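After this come two complexes, each holding subunit A, first together with subunit B and then together with subunit C.
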Partner chain A sequence: MKLSLSAVEWHAGSWKFRADATFTPGVHLVSGRVGSGKTTLALLSARQLQPDAGTVVCEDIRSCTLSFQYPEYHITGSTLYEEAESYGVDPFAACARAGLAGRDEEDPFRLSRGELKWFQLTCLLMRRWDLLILDEPFSALDCRGKLAVCRAIEENRGGIVLVSTHEQYILPKTDFLWEMMSGELTLRGTLPDAISTWESAPALVRRLREQGVLPANLTRDDILEAACRMHE
Partner chain B sequence: MIEIRDLAFRSIRIGHLLIPDGTTALIGANGSGKTTLLRLLAGLTPPDTGSITVDGMLPEPGCAGFVNEYPDRNALFSRFADELAAPLRFRHIPCEELEQRVKEAAATAGLERQLERTMDTLSGGEKVLAALLSALISSPETLILDEFDSHLDYDSLVLAENLISSSGARRVIRCTQNMDLAAQYGRVIVLHRGRVLRAGSPEEVFPALEETCCYPFSWRAFR
Partner chain C sequence: MQDARIRLIALVSLSIATFLSVTGALLTLAWLVLSPRPLKEAMKSAAFWVIILFVAIIATVTQVTGNDGISYLIRTGVIILLAFSVYMEWHPGEYLDLSVWLFGKKAGFDIGLAVEMSIQGLHEASREFARIRSALLLKELKPCIGMIPSVGFLLIHTRLMRAREQADLLATRGYRAGGSCCPVFRTSYQDKIMGFLAILILFLSFFPVRDIFILQM
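Our next item is the complex of A and B:
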């Protein structure tokens, strides 16, 4: 199972996106500043955008989905029941998992943004995907929702998971770290070594790194363990 | 000072609450009513019953700088330069001064090259910064920010915080899911199912949340 972006280029005015990358099974975390091209990478990888040059090739990938940054882009049903059905999952189970038990007849647009985001991600993550692309999955979620999404991502092991995020405090166990820098995708490597060269690292990771301590990975437990080492 | 008395609107029920000038973080689980309360405080929605006063006056729509949690819903105009200029145009600022202030505002966030772009071509984070600049450009006394920070990387967040702190706003009220950011604010209000569960300084509020994931992570890791 493999997703390859070979000499891919995409232009918007004078701004250029470039990527030459291969994604294999595992969790791939993509970070980078606003406007650096993370959403463009997600759209190209999901083949929702055609490259101006180069090729995007999926090998042995039978199921693929993309979660947009803004959950309202996904809505097709007039109730949560219909919305969950459109994902092919049990509506009652989806509502219960997203903390919305008994609200299956509600209009999705009556939910708060965070509730809608958690519901949409729950529906998506109740299925298994060979290629799962999540663009800013943690924005608008409270900490319980973020932790639930991390657990679900980690349960999708076996597939390729691309996670683009600005999240600073609650991250999934990550296999590969990538960075978008001014439109160019760079592989920083595997954890923990990749942290040494991670320019857009979260504040706590920067603080640990400045003290010469690298966490084994990016989960809260990893950060806490590294902080304990720093205090020793 | 903002004073809330006997407020009822949808799920919101607040008997009496004082929000002093300075910085206030509004926190709570998804669906706890944070956005609804912020809209009431901004005067965008009138309460069913009760009152909200700002320095003894009713809040007037359009006086507070407001950044919506849905960046796409902030924009009234298609071109970023027009969106940024709108609050000044509505105040009949002369064209020459207006253009200068728009350029200067965009430059503070490094977005001067994006001025001619349409709002729909900006990235999610750029849209949020554009909305923040648009809220700040008319120098409001009250700034109300609805969870815009979750769309920003660390460096952009530092930039946004600098813009907010140097804006001269007398009061900044924001909701956020970043508890480390909330812990840096002067006052924290915890909302739970539309009611104020706790209010006070971060040192007064957060210890009660230590057993939850809402406790500031940097406090847990480094204190």
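Our next item is the complex of A and C:
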């Protein structure tokens, strides 16, 4: 199972996106500032955008999906029941898992953006995907929601999971770290070595790095463990 | 065309010229061909062809019922092409500058702000439509006529949400009415020529073709 972007280029006016990358099974974290090209990478990887140059090739990928930053774009049903059905999952189980038990007849637009985001991610993460692309999965979620998404991503291991985010505090257990800078995708490597070259690292990770302490991974527990080591 | 003031004058002149006569419409079409980039962009728009299709249907019915459907098709078609071409040349903040230049910092600022927000809304709606279409395809649902109400509702909902957020933002920043804006315009040599030609076309459209060209039998 492999997703390859070979010499891919995409232009929007004077702004240019460039990527030459191969994604294998595991969790790939793509970090980068707002406007660096993370959503473009997500759209190109899901083949929802045609590159101006280069090729996007999927090998042995039978199921693929993409979650947009704004959950409203995904709504096709007039009730949560219909909405969950459109993802091919059990509506009652999806509502219960998203903390919305007994509200399956409710209009999705009546939910807050945070509730809707968590419901939409729950529906997606209840299925197994060969290629799962999550564009800003932590936006609009509270701390508990973000941790739940991290757990669900870890449970979805087996396929290729592409998580693009500018989240600074709560991140999933990551296998490969990528960085998107001014439209160019760069592989920083596997954890924990990749942390030493991570330019847009969160403040907490930078502080640990300055003290010569590298966390084993990027989860909250790993950061806490490294912080404890700093004071030894 | 860089200068929004000349573009506005050209738009008004050419719209009147096109409305007045087929000659005016044909001369406007020739004027549009002189700046091919926005014309090409306009022709790429699916919305343009949908509107033209409706105009063509009305023109056919008009012609069949004994009226001048061909004249209607030419004049309306050129006006729509002109509108799309001018729209393609829009740059953010341009109509705010133009409105303040025309009507001052109070009413002008308010009108300009409303126009800018509307145009920005159109651009955003177009991007949102593309995202919704992608989301449908990802769910393996083929876009069909039956989905028009739900997609339309979704677009209206997102627009209303954005409008409320923008209103809150303006209120938080203390906006009540009017504002400070110093319009800056850049006028190129080409802008002046195009502006002059647009006014010339307006004058020529008042005369019948036989008065402009001396036809010898």
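Criterion: the second predicted complex is superposed on the first by the 232 of 232 C-alpha atoms of A that agree within 3 Å, B and C clash if a C-alpha of one lies under 4 Å from a C-alpha of the other, contacts with A are read in each partner's own complex, and residues count from 1 in each chain.
Note that in this section a residue touches a chain if its C-beta (ideal position, glycine included) is under 8 Å from a C-beta of that chain, and two chains touch if they have at least 3 such contacts.
From a predicted model like this one, the values you see are computed outputs, not experimental measurements.
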Q) Looking at the combined model built on subunit A, do subunit B and subunit C fit side by side or clash? A) clash
Q: Could you look at A:181 and tell me whether it touches subunit B, subunit C, both or neither (first, second, both, neither)?
A: neither
Q. So, does A:34 touch the first partner subunit B, the second partner subunit C, both, or neither?
A. first
Q: With the two complexes superposed on chain A, say which partner A:87 touches: subunit B (first), subunit C (second), both, or neither.
A: second
Q: Check whether A:204 is in contact with subunit B, with subunit C, with both or with neither, and answer first, second, both or neither.
A: first
Q) Now for A:72: first (subunit B), second (subunit C), both, or neither, which partner does it touch? A) both
Q: Scan A:61 for contacts with subunit B and subunit C and give back first, second, both or neither.
A: neither
Q: Of the two partners subunit B and subunit C, indicate the one touching more residues belonging to subunit A.
A: B
Q) Who does A:143 touch here: subunit B (first), subunit C (second), both, or neither? A) first
Q.
If I apply the document's touch criterion, which positions on subunit A are contacted by subunit B in one structure and by subunit C in the other?
A. 70, 72
Q: Over in the complex, which subunit B residues touch subunit A? Could you list them?
A: 28-31, 34-35, 69-72, 114, 117, 121-126, 128-129, 147, 150-157, 177-180, 212-214, 217-218, 220-222
(Q) Residue numbers of subunit C touching subunit A in their complex, please. (A) 128, 131-132, 134-139, 141, 147, 150, 154, 157-158, 161
Q) subunit C touches which residues of subunit A in the complex? A) 43, 46, 48, 64-66, 68, 70, 72-76, 78, 86-87, 109
Q) What part of subunit A is in contact with subunit B in the complex they form? A) 12-13, 31-36, 38-39, 69-70, 72, 99, 111-115, 117-118, 136, 138-147, 166-170, 200-204, 206-207, 220, 223-224, 227
